[in-house]
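Pasting the structures in now, so scroll down.
Two complexes follow with chain A in common, the first pairing it with chain B and the second with chain C.
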Partner chain A sequence: MAFGPYLLLATLEGLVTAAVLSLTALGLSLVFGVMRIVNVAHGEFFMLGAVLAWFFSTLVTGHPALGFLLALVLSPLVVGAVALVSERLVLRRLDYNPEATIVATIGLLYIIQQIVLTVYGPEARPVVAPFDVRIALPWFGYSGYKLAVIAASVLVIAATWFLLTKTRIGLVMRATQYDRETAQNFGIPVDRVYAGVFALGAALAAIAAVLVVPIQQAHYLMGLDPLLLSFIVVIIGGLGSLRGTVVAALLIGLSDGIISVFFSPTLAKMIATLLVAMVLVFRPQGLFGTAAR
Partner chain B sequence: MRKRPQFYRKGTGMIDATSNNRSNRNGLSRRTALKGIGAAAGLMAGPGFVRYAGAQTSAPIRIGFQAHRTGIGAAYGRWYERTTNAAVKAINAAGGINGRPLEIVVEDDGTDPKRGAEVVEKFANQHKVDLVFGTLFSHVVVGSAPTAGELKMPYYVVSEGYHVASGKLNRYVVQPGITDVRSQVTSMAPWVSSNLGRKATMIFPDYAFGHDHRDFFTAAMKAQGAEVIAQVAIPPTESSFTRYFPQIPRETEVLYHVMVGPAVLTFVKELGEFYGSNRPEIFGFIDSLEAVDMASPGLEFLEGTYFWEGMPRYLQADVGDAERAYRDAVGIDENGASKDDPQDVSTAAHMFGCWETLYVIKAAMEAVDYKGPQDRAKVIEATEAMTEFPAGLEHPQGRKIFNGKIHQCFGHQNISLVKDGRLEVIHRTAIEDGMYQPEADYTSMSF
Partner chain C sequence: MPDALKINAINCFYGNVQVLRDLSIDLRKGEVLCLLGRNGAGKTTTLKAVMGLVKVRGGSIMLGDTDLARLAPHEVPKAGVAYVPQGRRLFSDLTVAENIEIGLMARGKGRAVRDEVLDLFPVLRQRLGQRSGTLSGGEQQMLAMARALCIEPAILLLDEPTEGLMPAMIARIRETVAELRRRGVSTILVEQRVDAVLPVADRVAFIENGRNRRTLDVEELRADPDAIHRYVGVG
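Right, the complex of A and B next:
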């Protein structure tokens, strides 16, 4: 294949990775930024979203788009609810202590993973894409659905940005992120904000998973990769910075797509990890983060 | 304080303690023994045991089944288990082995080599089975074989890998029920090169199983005067494949694929999106789609492509009586799916190996009048002495030739065309097409 089309294919693949990754990482970044805790179970919320998407899509017969839309609505809601319950039952009782929450969310990771293995089983199950269009380019064909994933991801990110910067809820979240104690003094129910943010973060991961599941299939071990990549993105982009998260996801997604097409996927992972090391050494707060208070 | 010397002077103290325990245990076990004899007598009087009453001992022959119940082999494992159960039922209905009933003890190995070795150990020391059987995934076989050898436990695998025939394992590992990858690809190359194309590109998983395909198919094509022009190795954990497709050279005439694991469906779908209707000829091993419904969305693209099948998934027009009886016993419908659930598609191209292997074990045990674990080596020797398995109910896939020196059988292979969403067998190779020069001799090894 000639260089031009080859690069185009690599870029498209990279953009799909970046789209899914930025949604997943955005959820992690919100929790990281507002609550100042590390949620190791984030990848399992992603996996749970995918598995539930399979479940909801099998409930509906008829056009595959119906089942998919049902999954797109319900799956993030259920995952958000699971996150809300675990926040109330576990994280709040630990008083959001950073070390304790890491251990607690590791536990949560295993609990979710093993429950899914028991109930759903070890198979990888496909969800039918809502539409099946192959875009024929002169050099190769490309899945129309993958392009739709990019568009959907842009929409969700725009909605999250709107929520954070233009609404009262967003204002409250940003105030809590900026200074928890002052926010509390001004009558902001920090406790409820935390619960909401944790649920929202998990729901974003679930949306990403629903979008990806027609491409990748739901499997109980699928949460590990998104977790690692999300951490990489959040570290490079900077704590709690929406702009940083999106830029870093694009950077990682595109470099992963292009490097793995032209060289090897292993090299792409090595370079991403090297980038994290460089950022940690030279700009610990991340590319767009502000220094910790 | 008085007790202390007892603890310090281990000699008398310990003996006291144990003899006390022993007398207690004796008291208990006497009662339990009586109960047990009563229960056994009750069971013996039951109708199930009458059939075996004539045999010298009617204790069941116990075979440990190393099953992939979880992990990446789970879909295969489920059907290996169903086929095994069906074969056991058939064997027991016909009087068992030497008049003794056959019993299967299942342990899950998680499709993991380390766990596999532990399972073999558990079979030997805890379950005390007569032999172990049934493993598919090559890395689990390679991981478990040394343990089977150390414990002198016959290990009948149904794995396809060339590792048995290569001579790299040990005398206790036998593969009489399914052909190996080297034999399979060797018999495919003449047909592929003369019907589909002389310039092939291979896509395969980047570990032992894929490497067997790579090495032997490349060599077999060369022997036909054809050529493998590119080899695309894919890491086993990969979940997205589009990025590898540009490595397929434009002049490729035939694309050869063999993939396994949870992402196989993605692989075929992405290949379809990449090529559309303007594709090279495609020849794949059904491993890429075992347990996957051919009617899955995105697979329409495979229409008109070719697959290797060990045994046909779809009921063929010219099906024989033995094959039909086998399919009924296992419980698969004409589409190769479970009779109870048409979504539950079988691994028909491989699972017959469990059925055939159990019949080989039966024949070997009967040949040596198997009494117990002391006869394990004799069972291996009896298997090594076999040369041919005639087609029939015991070998529904077809006639096989067995080479005792390399512990490996040779048989017919099928090439199927995807037509109207079904696989139709269009060519059946001769057994000789898959023969190769043996490189080992297990019979010269000691037990």
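Right, the complex of A and C next:
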């Protein structure tokens, strides 16, 4: 294959990575932005979303789209509910202390991982894509489902942007993000906002997982890579910045796709990590973040 | 005149340090009560205790039949208490309109209250789309007060509203406090400067070491100017 089509293929793969990564990182970024909590268990919410997607898809016989749609609806809801319970039982009792919650979410990571290992097992299991269409390009055929993943991610990100900037719930979330104490002075039940944001962040990771599980397989250790990449994205983009998260996910996703295709996936990870180091040294607040108040 | 707010022998701590000691204050309906005292005397802590931002041990803070000390912080504004903190604490990345919207949401107030509040501070009408962090100091103070007034409070707590403002702006804030008194709002005003207080206050409470040493009518204070030095050594 000539260089041009090869580059196009790498770019498309990079865009799929970027789309899924945007959603996952957006969840992590929201939780940090509003609650100031570094959720180390975020990757496990992603993994749980994928495993539940497999489970729900097996409940429905007939066309694969039915099982997939069921998973797309129920998996984020169940993961959101798990996050809600975790918030009530653990984070709230720690009064959202930044240091204590890091340790607590590390514990949560292992609890979720080991429960899934015990119940679901160590196997990697596939979920059938809801449709099997190949888009015939002049140089190669490309999965229509992967293009649908990009479109679905754009839709979910747009919906999240709308929620944050155009609705009362979003205004309440932003006010809580800027000043928790003053938000309470204006009748905002900060605990409830935190619970909602934590559930929403986990649900976004689960949506990303459901979208990706027909491409990858569901496995109990699949949460590590999304967690690492999400941290890279939110540090580069600026913690709490939706625009920064999307731009950084595009940057990391595209570079990952292109460098992986032309060189090696390891080099792609090395460059991403180096980029984080550079950002931390020269622009600690990230590309679109604001300096600490 | 009946009491609008009755603070009964409250104690507050920061860690192991006791900041308020059996502090009692009565705020009468429709009056402006000024808290005077040195830095660290407990004036701001008193306001924070009313808002539920500092835990109260013992005592009570009665608003009618409701003990505010037993409410969650987010329930206090719903009871009709508004707080303008020191340093304004605006949501600086939000626009003026969004800050006002947050104020209105606290007690579900609508467009009529918004218009009424903006009539008090007409300059804010021209700045509705502007990020509040980019306003001048005086405009920020007006927005902080406007946001609080969107609650339509029965009780207004103002913590050093004239701090760092130009004389013209101080006069404007003073006029607003006087106007609110005419409308029947009961106000607790924390100030460092006595000259900023006397024209608008009805009574002055002297706070020292977390206690209310004495509460005087402004007329009594005018007749005895040495009282300020005698009670708290400020002026």
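Couple of notes before you dig in:
We adopt the following convention: the second predicted complex is superposed on the first by the 293 of 293 C-alpha atoms of A that agree within 3 Å, B and C clash if a C-alpha of one lies under 4 Å from a C-alpha of the other, contacts with A are read in each partner's own complex, and residues count from 1 in each chain.
What we mean here is this: a residue touches a chain if its C-beta (ideal position, glycine included) is under 8 Å from a C-beta of that chain, and two chains touch if they have at least 3 such contacts.
Since the structure is predicted, the reported quantities are computational estimates derived from the model, not experimental observations.
Note on chain A: of its two partners chain C and chain B, the one contacting more of its residues is B.
When the two complexes are overlaid on their common chain A, residue A:Pro126 makes contact with chain B while staying clear of chain C. In the superposition on chain A, no contact is made by A:Thr118 with either chain B or chain C.
Once the two complexes are overlaid on the shared chain, A:Thr61 sits clear of chain B and of chain C alike. Looking at chain A, you'll find no residue that touches chain B in one structure and chain C in the other.
Residues of chain C touching chain A in their complex: 51-53, 72-78, 82-83, 85, 89, 91-94, 98, 101-103, 105-107, 147, 151. By the touch criterion stated above, chain B contacts chain A in their complex at residues 70-71, 74-75, 235, 238-240, 242-243, 245-246, 250, 262-263, 265-266, 270, 272-276, 296-298. Put simply, chain A touches chain B in their complex at residues 1, 6, 9-10, 13, 64, 117, 121-124, 126, 128-129, 132, 134, 136, 140-143, 215-217, 219, 222, 225, 257, 260-261, 265-266.
Interface of chain A with chain C (complex): residues 168, 171-172, 174-175, 178-179, 181-190, 290, 293.
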